[in-house]
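Going in written order, the chains are labelled A, B, C and D, and every chain counts its residues from 1.
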Amino acid sequence: MMNLSRNIERVPFRSIEKQLVASYCNSSPQTQTKQEEFRALNIRNVKDPFQTRRRLQKTAVFPPRADQMPVDQDWGSVWPGPRSFHPATVPLPVRQGFTEKGAPPPNKFNNAELMKIPNFLHLTPPVIKRQCEALKKFCTPWPKALDNEDKIQKNFPIEVISSDYCYSSPTIRDPMARIITVKFKLASLKLDDRARDKFLRLVGPRYNEENDTVTIVTDRCPLKKQNYDYAMYLVTALFHESKKVEPWEEMKSEADMEIYCWENNASKKNIEALFGCKSEEIPNAAEYSEAVSHYMNEGENDYTISKYGEAVKKLLKLQGTN
Amino acid sequence: MCATKVLFSRCFAVSKLNTPILSYIQQNSMSVYPNYYIEPIYRKETQQELVKTGEISKYSHIPTKATLNGQTCSDSYDPVIALFTNYVMRQGLKALAREQMDKCFENIKRLQLEKYHKCTTEEEKLKIELDPKKVFHEAINNSKPLLQLTGVKRGGVRYQVPMPITDRRSEFIAMNWLVDAGKEKDRKVRFAMQLARELVDASNNTGKVVKRKQDLHRQCEANKAFAHYRWS
Amino acid sequence: MRLFPPLAFIKRSRAVPQEPVPYKYSVPLKLKQGVSNKGGKISEVCCIHEMSVMFSCLKDNEFQQQLCHKEVESFQKCYTSFLTDKNQRSEREMKGLLTPGEKRMTSKQLNVLLKKYPNLE
Amino acid sequence: MFKTTADLLIKSHPLRVVQGRFFAAAVAEPKSEDRLQSFRTFEADPSKHNTNHQSQFYKVDSTDKKVLFQYGGLPKSFQIQAKTFNETCLMVRDPSIQIINHLKTIDYTQPPIKFVLYGKKGCGKTLTLAHIMHYAYKNDFLIVHVPWVGNWMRRCKDTSNSETKPGFIDLNIDAAAWLVHFKTQNANILENPELKTTIDIQWNKRECTPIGSSLLELIDQGINRIRFASNCVNYLAEEVKKLSQSGLCRTLLAIDGFNAFFYPNTRVFTEKKEMVPPSRVTLTEGFLNLTKFDWKNSVIVVTVDEIAIAEKDQISHYPRYLLGKSGFEHLDPFLPVEVKDYSEKEHQSIMDYYRERKWIHSYPGQNDELYFLSGGNPFRLMNLCNAL
């Protein structure tokens, strides 16, 4: 029963649909006048399927300030201090950033790459010049006698490096300012071989072999003055400690030697025993000693071993067969 | 409908382009090489022959498998010995097998040279074959059986039927017999030594392996009445 | 049931088939244009005569093979020729080439033959 | 007792026939008759060998061989080869000629000159030493020859605590075997009645060898009473030194694998299974005594060899490494003589020799191929040729 009733209800709707379709087909010649508009099939009979979206009103953007800058303006007052890059303020056509091959790098507008890197636009040559002029009245002249590097090196062998920091912040004490670096040439200490060896062992990696420089950095103490005093103390202590000969140093035996020294080795005793006289009196002993030291110090290879053989031949006065 | 046609044809074109890649994926069961790789031509003679006939240009762009490290163009290489080495090999220990073969040849030379130096006359000396490879080939030749016995079930009875065999099969049997003979030894004797002795014996048409061959022939002769009972 | 007696009536009437059941063909009722692929094997028996000749020679010579060189060679030659013959024949058969005068034919050869002279439709 | 430098190689470096991919050029080889002269010399006396005979083979007389090398002195693999070839041939090579020339010219009134032969494994150090020994034998040297020190330090026959020196270890059976070796090598010279002992040797309460008894008696004492063999070797060394000093004989000291005397690890163990360093082995003392400078009328030829030391330490073949610090100082100053790999000429020569002995059967390009595969190393070449 239920089914039947529903069917009955449906019938008039179907007929309406039919009529609609028919009317659509018939109405087509009437709407020919609006040719530009695309006629969409509207089965469900919705009134206005296409709603136009309201456009956002854009606020007007002023042109960048850089466009209106005069050529002869004072740049120092436009860009007085350190600041991150601003495209509208910098009147330069700078470009920065990665692109695919062939394309130019992105321009300065909306360019994060340019804003990330530190710039020195506040340190242009005229600005620096102006600042130097302002500072000049606080400086003393450079001593005239110290006109070249050698003289500086000779008269002032110790070089002390420290940094001062000056910027606007609640405190004027920068933690980096306390660090003291002391540099000097090892040769200026005029140490003998033993003392030099000991000095080198004491300073360890602070010695640079290439330019013969010792570098001591002190940053333990809170104040610059304290660190400076400590560095000076260190230099003094190192110097005197390396000059001192401790009793245990005499116990250094041949096994502790880093390099083979023919003079105090069994090789010398051997040939002295062999010839029954001092090594200086033996002919060709010098060459032999050199060959042995080479052989021991440079390691074994065909060259050193043949040199050694030659030296032995000369020492023992063997005739060369080759 | 037209659009679908176009789409299909495009798909087809794509699959056509992909064919070499597909065939690359196809492989020979366990081999590391795809099946279109060809075996290497490592012998100089074959290479020269190909150059002469002009077939070499055919091979120039075909991907080739790498040569195995036992295969060489050296004149000391002998394919039969390489095959025999593979039969000697157990559990994939090729290096060991090769070492054993080398020692075996050394032993053959020592055995033969000993005999050679014992000989008093030149004629006797000439009779002794000093080249171990020739000894080896002769030994293989002499131990090749002519027939083989195969079990055939007829009316519930199993008959041993003599069958003629191919050359390849008979070579295989001969080599296997020689390897077996090398293993049949006292514990103190080394395999290489025993194999050398067997090879020398076989090359002189004596020894265990030749006897084994003759025994097989005898058995075949005894069962020759069943010869017509082969398959079918 | 009480509500819809007419439905029950319909059911009863359907139980009786009104027309005869149509015949279903599992295969078409006519001869095929080929035969199925079942192989008859060729006999392997060969060289019986050569073998017996060789055996008699071997027996006479205490199984010293080198003394029966001729017999052995003829036996081996027979076997190799048999093998090559067999191979050639099987190759032809695989390809379906017909050998004139051949009475035993493989399924493939028969199919070729049937294709040439098909059954009447 | 055999010296087995080269044999040990087989264990340490299992050589495989490297069958690489390479293309050997076919070379037309001259006929064997033409080359017979080039690879063989009929100059059997090593004292007449000079640079003209370089890389040629000379035949060692079988009686000489029996006297010199009956109890060791040739590598085992070489002995097998010699047996197969039915003759013993040595190649005249550069290091042996050098040393023989030196031996001819040096002043024997001076302290001994030490030659140290070194070289890679399987280069022929032992055979060079054998050639020099042959020269010495022909020139009536007293030969003090240790076939292979490694046999004492790394595989000794037995050990026992020394009776005379506390803490020392005797290798009596080895020492007695060496005495037999010494006796056979110098049988001719020892018959000289002037070779007499210079001190009384008290073996124990009853037995003693009085002053003035011949060296043979001393040796026989060591051989017969094996308990005293080690001490006997040391006494013999001292006596040989004195006799040479007095000019009664001229001595060649030839020690193979000398660096084993200085390698700290040995396989000699005490009863408590503690390892004994070589310095605590009685035999070491005698031979280190002989290698000092304090005598004359003698010459010292030693070889240093990687194989004489444990496998894990076989890093370099140079003498300083092998001898160690103490060993180097003990020998210094010495004349290092390198035994090199085969030159091309030597390679050609040995290939011809092998062919003449019917050991290998030639095919075109064989020489080049084998020279490439062996890298000129004699031992490796021998192994490669075995299978051909």
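As a working rule, a residue touches a chain if its C-beta (ideal position, glycine included) is under 8 Å from a C-beta of that chain, and two chains touch if they have at least 3 such contacts.
Small disclaimer: the values here were computed from a predicted structure and weren't measured.
Colleague: Averaging over Cα atoms per chain, report the distance between chain A and chain D in Å.
Modeller: Once rounded, the distance between the two centres reads 64 Å.
Colleague: Measuring centre to centre with CA averages, how many angstrom lie between chain C and chain D?
Modeller: Distance between chain centres: 81 Å.
Colleague: Averaging over Cα atoms per chain, report the distance between chain A and chain C in Å.
Modeller: So the centre of chain A lies 85 Å away from the centre of chain C.
Colleague: Please compute the C-alpha centroid of chain B, do the same for chain D, then give the distance between them in whole Å.
Modeller: Between these chains, centre-to-centre, one finds 46 Å.
Colleague: Could you classify the connectivity of these chains, where an edge means two chains touch, as line, ring, star, complete or other?
Modeller: Looks like a simple chain-to-chain line, open at both ends.
Colleague: Mind giving me all the chain pairs that touch?
Modeller: A-D, B-C, B-D
Colleague: Sort out for me which residues of chain D touch chain B in the complex.
Modeller: Residues of chain D touching chain B: 14, 16-17, 19-24, 80, 84-86, 357-359, 361, 363-366, 369, 386-388.
Colleague: Where on chain C does chain B make contact in their complex?
Modeller: The touching residues are 41-48, 51-52, 54-55, 58-59, 63, 65-66, 72, 75-76, 79, 83.
Colleague: Applying the document's contact rule, which stretches of chain B touch chain D when the two form their complex?
Modeller: 42, 44, 67, 69-77, 95, 98-99, 101-103, 105-106, 109-110, 113-114, 116-117, 130-133
Colleague: Could you list, by residue number, the parts of chain B that touch chain C in their complex?
Modeller: Listed in rising order, the residues are 146-147, 162, 164, 166, 205, 213-214, 217-218, 220-221, 224, 227-228, 230-232.
Colleague: How about chain D: which of its residues touch chain A in the complex?
Modeller: Those residues of chain D that touch chain A are 97-98, 101-102, 105-106, 110-111, 113, 293, 316, 318-321, 329, 332-338.
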